[in-house]
Amino acid sequence: MEIFGQPGFAVVQGLVAGVLTGGIYALIALGIVIINKASGVFNFAHGYMMLLGALIFWTFFQNQELTPVVAFALSGALLTILSTGIRYPAAWTRSGRVAFIAAAWATVGFILLQTDNLFLRALVGTALGAALVGLLIERLTIRPLIGQPLFATVMMTLVVGEVLLGVTQLTWGSVDRSLPIFATVNALGLPQAYPPIRIRDVLGGTVVIKTELLIAFGIAVAAFVGFVLFFRYTRLGLSMRATAENADLAQAVGLRVRAVLATAWAIASVLAALAATLYSSSTALSITMPGLALRVFPAVLLGGIESISGAFVGGIVIGVAEKLGTVYFGSDVGEQLIPFVVLMIVLIVRPSGLFGEERIERV
Amino acid sequence: MSANIRPSGVFDTSYAQEMRINRTRFDQILSAGFLGVILALPLLSRSGPFGIDLVQPGFLGTVERIAILMIAVQGLNLLVGYTGQITLGQAAFMAVGAYGTAILMRHGVTFWFALPIAALFTGLVGLIFGLPSLRVKGFYLAMATLAAQFIIPWLLRNPLAPLTNGASPLPVPRADLFGLEISGLPLYYLLIILSLLAMIAARNIIRTRTGRAFVSIRDNDVAAELLGINVFAYKLRAFFICAIYAGLAGGLMAIEARSLSPDRFDLRNSIELLAMLIVGGTGFPQAPIFGVSLLTILRETFIPSLTPSLQEWLPRLLPFVDSVNINAAIAPIIFGAVLIAFLIIEPRGLAYRWEILKISWKIRPFSH
Amino acid sequence: MNQPAAKLRVQNITLRFGGVTALNDVSFEVYQGEILALIGPNGAGKTSCINSISGFYRPQSGRIFLDGRDITNLPPHQRAKLGLSRTFQNIALYTNATTLDNLMAARHIHMRPSLIGEVIFWGMAQREEIKHRRVVEEIIDFLEMQAIRKSIVGKLGYGLRKRVELGRALALEPSVLLLDEPMAGMNVEEKEDMARFILDIHERRGVTIVLIEHDMGLVMDIAQRIVVLDFGRKIAEGTPQEIRTNQAVINAYLGQAG
Amino acid sequence: MRIRFLSGILVLALALMALNAAPAALAQGGMMRTECKEDLTGKTITLHTFGDLSGPFAPITQPLAAGFADAIKYYNEKGGICGAKIALQQDDTAGRQEQTQSLYQRYRAFDPKPLMLLLYSSADAELLREQVAEDQIPVFLFAGSTIGLYGEKADKPGWIFAGIPLYTDQFGAFCRWLSKAWTTELGRSGKPKIGHLSWEGAFGRSTETPETTAYCAAQGVEVVGGEYFLPTATDVTAQINNLVKKGANVLFTTSLASGTALIARDLVTLGLEDEILLSGVNWVLDSSVGLLGQATLKPDGLPSTDNIYGILPYVWWDEQTEGIKLVQEQFTANQRPLTARGIAYLAGFGAVDTYIELITRTVNRVGFAKLSGAEVKKTFENFQYEALGGVFKYNFTETVRAQNQVRIGRLTYARGADGKPVVVEAGGRKLLVPVVVPVTKEFETAPDLKPGGADVVK
């Protein structure tokens, strides 16, 4: 059975691989969109934040040793986040808050220092580590530029990327690493990826779904749903939306714009780490990672630079376009040309992206 | 954005005099002196006639690249700084100019024809990728040009491979003038002169009808349209001029590097050209001079000259880090750190700082 | 009635944004060399009307004529070439340029296009620059803006910016000048200056002026004829005297109760 | 961190020794260093090198740099170059051509002028090919770029010498072996059909030339086409399907570790691991590939990267020779991580050894005072040398400037006496130990497939 001259199963295979890869693209796009929503800045450092995040995960996941200093620093980050970023229920007494923070601190410290459940440790450690990275970037480089030309801030993200690259090289070097997260332990005691799901006799052949990509896709979808709910229903999410819409007005009605900006960076950094970790688990953790973020730019634009659901659709569309393009025209066309042709077409037909808002101009 | 504080004691007696680029004696001396130093540099190097060893011969190459990149960034300044249209495809346009020049020269066309033809052709390519500016603005437009940044190298690598050697390097013949090969000193002076001419041309565009139309579009495109400026046509014109500058820079890069490969014109290079513009001071005529010089000297001269001592000292300070990792991290960290410091101190660019400096000099000893 | 020829004719224009009708079948004429005021309560469609005339909005139906020529489908920049010039309700200057450059930019349509000449800036191009510079300097003198000639307009005060904008509109050498609330937000003194300028422009340069203004006293003083809009419809047209006593206008301004 | 790496290495070394998994040691004499005629004590000779340390090729260049550093430390303790201390001048280009150009102009102007440049990027060599000839600075290159060495039409100045065989020649050698081994050693039926599946870019496309395709055809091996992927790809199933549709039963890749591991993994994903033979240039036979490939196991319980065939133009870590023992000792002593135990470190070490020999011979011939790039090039043009006692074999002449002694190797994993793969624990994780086994025992001369080369099919 053929679809436009190609074996049907190969087309379906391309479609499946495209959707699943698109899930990771979408997650990367989401991180870029969130920063853009909060501050109007296109974050060129995202690829480097991904690399750093994945390396943090690798450190927790693969190594049993962890100096108490690191654990202390990370739980310190948690402390900072808890005590400045989030408002507690007003009913809480002062001692209640202190107790809450202390308990959270102790729990995190305990998790970070134990080595029985590496996955949990890596999860908590990376979330905190990446959030800390995001907060530091915002505090040290982005905040000093508030009120300055937007260009300068975009430029700053580029420069931050360069520094992050240096930091990763200094700390971890550049060797390719394997990061088998979604794995069982086989008879030899080695981590082994889950076997792929094979669906036989689909349009004349077998279609294979890579389990780790499927899981990554599932997590990406969950993250998206989470964020849509977050922006729609939580106080922090709403204030982020408000700030994105009009920072001056938000400030005027009493929202803490700076705190919102910091939160956006922390969230984006955690998302970058998540996307990078999922991506690495399906191939390798390589220094070429930042290049992946560049490939996601068309997806961001396709969806609309400020649209969360757009990021998701954009990621999937670009993923599918790449893979189907490869099936039909070969990889040099499919992966290197098609995404940008799709981008051009979208810009000409619907300039604000699939989900972007069209703005009416007034004089 | 000329300074609104005029030096006292300077009077103009005609409009022509007032319109001059260097209006005061101080400006004239400064520009002439600067140019003189640049022109004298080769004479002060070991390879020069006097055998003085003041300037590292390697530095002349850096000045050549600064001259070339200044052209590309000046084009970018006209489009981004003055017309307010962002492009992420300047390096791709440079690739068109570079490959165009190289291919024509390989087919026997003399450099003096190949360069303008290639630059003009680049201008036309720029027009094509400027078309989305009819409907899209700001970052979306940047993304259309981002597509150029991927589509053009793809064309060079794949369908045009018979002409371009594909992903492999393309050797470029030497440029010659009446049978005399242009390399070494003549090449140096050629690049400086062309760069200077390109600067003056840009300055002239900025201070006349087209330049004012560009600024009108940047500052208020609605008002510009309603007051008689064909906004779309002028946006296209800006793209055209910007791409011509890029093509010119690309063609010069071809004869300077003598070997081209598509990797030399990737997105990273485009972004870096933008970075040079921003560091220089977007929308100031001197931005390319400041931005390109700062970034290029930082990368090509400053960091390499610091590297040996850092390679020696850092491993002692950081004994727990592998020295190989340190060596790999030096360049990105210094480059990044210097620029972060710079951006925090002067986010509007060096040219802005320069204007402030000039004004404070004129009105000294008062601070306001 | 024996009226001079219509300089500008607005014929049955209707303009809708989605479900909202901003202008509903509006028609009026502006005669050569007169000052016509366009008034009406907030949201009456005055600015929409100006925007339609200058080409920023495209009405769904109706036609607009300038000197008897149908300009309904011309893009805004070509209407400017035919002699339409305007100012904006919320000042729309080139904020990062100097006063001089703002005015010079408006000379755009009168300058001979020659990119090559500009690049070289020698001979003709330079003479051309100087020629138009003279025109601009005259306007600067006329509007008494000598002191701010080289100032960045973004840093000027509100009143001055309004004046620069008027200067820019004048530098176009229009035959019809559309002024969208030129005196809004000004104090009495500034308003008087501005009124004087408008009258001077009208008298000395013979420019036809369409004016939107809220200050009724002023309108009554300087306008020769008045068109009143309400909810996108023309409800009255006539001399200041006629408008003052028009019941529909009074109702519109004071509400139906009156 | 130190303790972790150290313990990992120690465990690994012990495991290897106990297993005796490696094949019989090749017969090699001791280290064959030319005697010095001149005592250079008190002098310093600098080794100049720059390349992409922080850019896309960093995974392979950083271990290489580690090899330089450790070798220089070691040889300086052993007397340097005839008593002269070896210094290292090293810079990072981040993979940018402008930076290569500017660093070269810097290096060219050093006083004294560099005697030799050690480069490790094809693109750098291609860019500088004519300039180094003008400045008379020979280059020792650890990459296999035909254009870099011989120019577009194989007639350009010969100042660049390659430490590994040209990628085109490597591919030719592989075709030659494949046609012989296909039905016998590999036990396959039908004809071998190769599909290229490589990284996009000059490096990835370097093996697919008209010359190699014609040569392979003459050997009875059909090249069915090429597909490319970006280093950031997550999935190459579509590319593999395309090549399989064209009839490919062998994939040949020109990529570094993450690329090769990705292909191996997707072959297993598609269930093609038995039908399709994975092979590639010398970089695919690297420990890093063997380590990365362990995350996916084949149905037979071995990693996806088991049984990758490739070109092995040097002696591998598992073979017992004096040189390897020395490198292993230094590797352990300098606490290098397991991941660096690959070809790049070996190459870095070998390059320093070669440099010492090269300078020693040149000094012996012309004396220290007359040492120059041109003289070093002369030595290079008649250079028979086995670096590290046979780990790298150089046989340069004026016309053959690339190493061309090749073997075919196979990547597999260390097995114990019971035939089961051995699991070691290093750095807190359980690992199989990748080993590279030479399939052909003897070194053979690779076909000469540069444009106009001796073995090009007319």
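Odds and ends about this structure:
Note that the chains are named A, B, C and D in the order they appear, and that numbering of residues resets to 1 at the start of each chain.
Just so we're on the same page, a residue touches a chain if its C-beta (ideal position, glycine included) is under 8 Å from a C-beta of that chain, and two chains touch if they have at least 3 such contacts.
On a predicted model such as this, the values are computed, not experimentally measured, just so you know.
Looking at B-C and A-D, the interface holding more C-beta pairs in contact is that of A-D.
The greatest centre-to-centre gap from subunit D, using C-alpha centroids, is found for C. The mean-CA centres of subunit B and subunit D are about 39 angstrom from one another, to the nearest whole unit. In whole angstrom, the spacing between the mean C-alpha positions of subunit A and subunit D is 36. Averaged Cα coordinates give subunit C a centre that lies 75 Å from the centre of subunit D. Listed for subunit B are residues 222, 226, 322, 324-325, 328-332, each touching two or more other chains. Multi-chain contact residues, meaning those touching two or more other chains, occur in subunit D at positions 1, 54, 58, 62-63, 200.
Looking at subunit A, residues 165-166, 169, 173-174, 332, 336, 363 sit in touch with two or more other chains.
Within the complex formed with subunit B, the residues of subunit C that make contact are 54-56, 75-77, 80-81, 85-86, 88, 92-98, 101, 104-109, 111, 113, 115, 118-121, 125-126, 129-130, 133-134, 150-152, 155, 168-169, 172.
Touching subunit B in their complex are the following residues of subunit A: 42, 44, 140-141, 144-145, 148-149, 151-153, 155-156, 158-163, 165-167, 169-174, 294, 297-298, 301, 305, 332-333, 336-337, 339-341, 343-344, 347-348, 351-353, 361, 363. Considering their complex, residues 132, 135-136, 139-140, 143-144, 146-147, 150-151, 154, 157-158, 222, 226, 267, 271, 274-275, 278-279, 282, 321-322, 324-326, 328-333, 335-337, 339-340, 343-344, 347-348 of subunit B touch subunit A.
Per the touch definition, subunit A reaches subunit D in the complex via residues 7, 10, 13-14, 17, 20-21, 24, 62-65, 165-166, 169, 173-180, 183, 186-193, 196, 198, 206, 208, 210, 213, 279, 282-284, 286-289, 291-292, 295, 323, 326-327, 330-332, 334-336.
Across the interface of their complex, subunit B is touched by residues 1-2, 53-54, 58, 62-63, 65-66, 69, 89-92, 94, 96-99, 101-103, 105-109, 123, 126-127, 129-131, 147, 151-152, 200-202, 204-206 of subunit D.
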